[in-house]
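Shared between the two complexes below is chain A, which pairs with chain B and chain C, respectively.
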Partner chain A sequence: MHSFFSRLNTLFAFTLTVLAVLTIGVFFSTFFEKYQDTVAIGVNKPIVKHMTDFSANRKKNDLGVLQLNLDMNLDHLFDWNVKQLFLYLVAEYMTPTNSLNQVVLWDKIIRRGENARFNLHDIATKYYFWDDGEHLKSNNVTLTLGWNIISNAGRLIHVRANGSTSFVFPDNYATSRSASSKSSGQE
Partner chain B sequence: MIDIEWPFYTHMDFCGQKKAERLFQIIIFLFGIIGFIIGYMMQQFSVTIYSVLLGTFVSVLLTLPPWPIYRNNPIEWQKTIDSRIYSDISAQSLITKNFESL
Partner chain C sequence: MELFSFVDDLKRMDKRQAIYQILNFGMIISTALMIWKGLMVVTGSESPIVVVLSGSMEPAFFRGDLLLLTNYQEEPIRAGDIVVFRIEGRDIPIVHRVIKVHEKDDGYVKFLTKGDNNQVDDRGLYSPGQLWLEKKDVIGRARGFLPYIGMVTILMNDHPQLKYLVLALLGFFVLIHREN
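Coming up: the complex of A and B.
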């Protein structure tokens, strides 16, 4: 401790130790938090098209097209250990070849301090709803919203919200001309 | 950078070093605890970090420069012996001579 720099070194090391202990304290203070909430999801005008997926093989696959309504208020999820939320809307259904298919249709990143209340109506899905095959006609699909908690100090938690909805695709394929102008499929 | 001859002194006494170390440990620890409690109430972790950094800044001002309160117990060195007058005598008789002069 005799020289100026050894005092500075000791002080700096002590500061870092105190910061590390406080961060561990933050981790323990939110260890048992569940981060659960209820959201409202709605589906308008689901249709199925049968066309070639040019990003995959050249076969014709089923493409689902739908509009979404999303209502949620996620302000209370942001405690002092949450840095951002990663929301994703996943569609799950069953086909004769696979017992579970999951397709992500919409996602969003909400950082701390941004608006966490959404009332979206009749928005198009962000990603295409391709089926690997042709089994979307008259199939029962469940839409669930989930989020991924990204903490300051802690585990990465995946949470599925309460409030999932199901809908059934129509029995016939839609032709391109009868699709609505707000569809996200190929024209 | 370590061995530059500054025009001011930079060292403290041993008692001063003990006081300085105890002081900055207490200051940073208190600012850390207060920052943790306020951060928990406001649910903002940045408040905790800023509080600890403020505590560090206060400690730097109070304990890094060698203030006079840290120099109140100067080390008492023994008187110097001019060893040139003993350069031709062996070590044994040097010790004997020192015992005689006490």
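Coming up: the complex of A and C.
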């Protein structure tokens, strides 16, 4: 019981046990947290273009182009078990061919310690808003902001914020290039 | 030397002891297997615990982190979900986030994924000609997260000698150990 190896063995086993118990404790400490909040989303100048989607089926699909306003203050979501917030803005709509469509237009990673307050105005969407088909004209689209809570150890939960907005795309295709708004994204 | 006292124990072991040791060993193996299969049933996933293998989801998940998955068919796949999937024909599971979902009335869903730390979506990773993923490609959705623990698996896969050494040592000590 007192040899060097048995001491080392006991120490090692004890450390592992304590670490395991602590990790499980951290896991359950925020098990029932809701992480809910309200945000403000605005949409400017939505238009629809009809172009060839080279990133997908190489056919002519509808491309939605719009500008976003996002106002939120998410500082209070960072409790002691939150390592990172992954924000994503989802556009949800229906078409005759697909009963449910969801496209992520914008996302952001906020790490612990970074600023979680945003007042973004007239920003371009980060990703292209391609429809799987040609049914964006006159379509009623709902924009919702969601976040994924990444803990130090714990549940990975997805929360949809209160404060979603809807808008309707115009009836006709836009032909001018002046409303194109791309900075980075898919090739 | 105290280290080699087990050699004396070995000599003293009779047939009954030996059978007991072997049964003990068998019990441990079956219990581990039962727990694993039980987890598979409860979560509905063929691989309920996965280790993150790449850095494509940083800074959320790093190489070596552990993910707990569920694969309940009643819960639909939605944009923002973190899914673990396999490309047809390849064994490596990939952990990425769903960025597009298109679902039809009859329940057929197709979706596109992208790693948080990647600039482009996963179409370059899919099979040639494949543009979307389907439900059948998904192993599960990540529901829980534990940091660093999977590093052991990664080390053992990168250095297979380590794996054999650990297994041999474990087997050896279980067979030899006697309650004093």
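The rule is short, and it goes like this: the second predicted complex is superposed on the first by the 174 of 187 C-alpha atoms of A that agree within 3 Å, B and C clash if a C-alpha of one lies under 4 Å from a C-alpha of the other, contacts with A are read in each partner's own complex, and residues count from 1 in each chain.
Quick note on the criterion: a contact is a pair of C-beta atoms (placed from the backbone, for glycine too) under 8 Å apart; a residue touches a chain by one contact, two chains touch by 3 or more.
Since we're looking at a predicted model, the values are computed, not measured.
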Should chain B and chain C be called a clash or a fit once both complexes are overlaid on chain A?
fit
Is A:Gly154 contacted by the first partner chain B, the second partner chain C, both or neither?
second
Residues of chain A touched by chain B versus by chain C: which partner has the larger set?
C
Which holds for A:Ser3: it touches chain B only (first), chain C only (second), both, or neither?
both
A:Val18 contacts which: chain B (first), chain C (second), both, neither?
first
I'd like to know which partner A:Gln102 touches here: chain B for first, chain C for second, both or neither.
second
A:Ser29 in the overlay: touching chain B, chain C, both, or neither? Say first, second, both or neither.
first
Between chain B and chain C, as viewed from the CA centre of chain A after superposition, lies an angle in degrees, nearest 10, of 40
So, does A:Gln84 touch the first partner chain B, the second partner chain C, both, or neither?
second
Partner chain(s) touched by A:Asn115 [first = chain B, second = chain C, both, neither]
neither
Is A:Gly146 in contact with chain B, with chain C, with both, or with neither (first, second, both, neither)?
second
Least Cα-Cα separation in the three-chain superposition, chain B to chain C, whole Å, stands at 9
Contact residues common to both interfaces of chain A (with chain B and with chain C)
3, 5, 152
Which part of chain C faces chain A closely enough to touch in the complex?
2-3, 59-61, 67, 78-82, 97, 99-105, 110, 116, 119-121, 123, 131, 142-147
Parts of chain B lying in touch with chain A, wherever the complex brings them together:
2, 10-12, 17, 20-21, 24-25, 28-29, 32, 35-36, 39-40, 42-45, 48-49, 52-53, 55-56, 59-60, 63-64, 66
In the complex, go through chain A and note every residue touching chain B.
1-5, 7-8, 10-12, 14-15, 18-19, 21-22, 25-26, 29, 78-81, 152
Complex interface listing, chain A residues touching chain C:
3, 5, 23, 27, 55-57, 83-84, 86, 88, 90, 97-104, 107, 109, 111, 127, 132, 146, 148, 150-156, 158, 184, 186-187
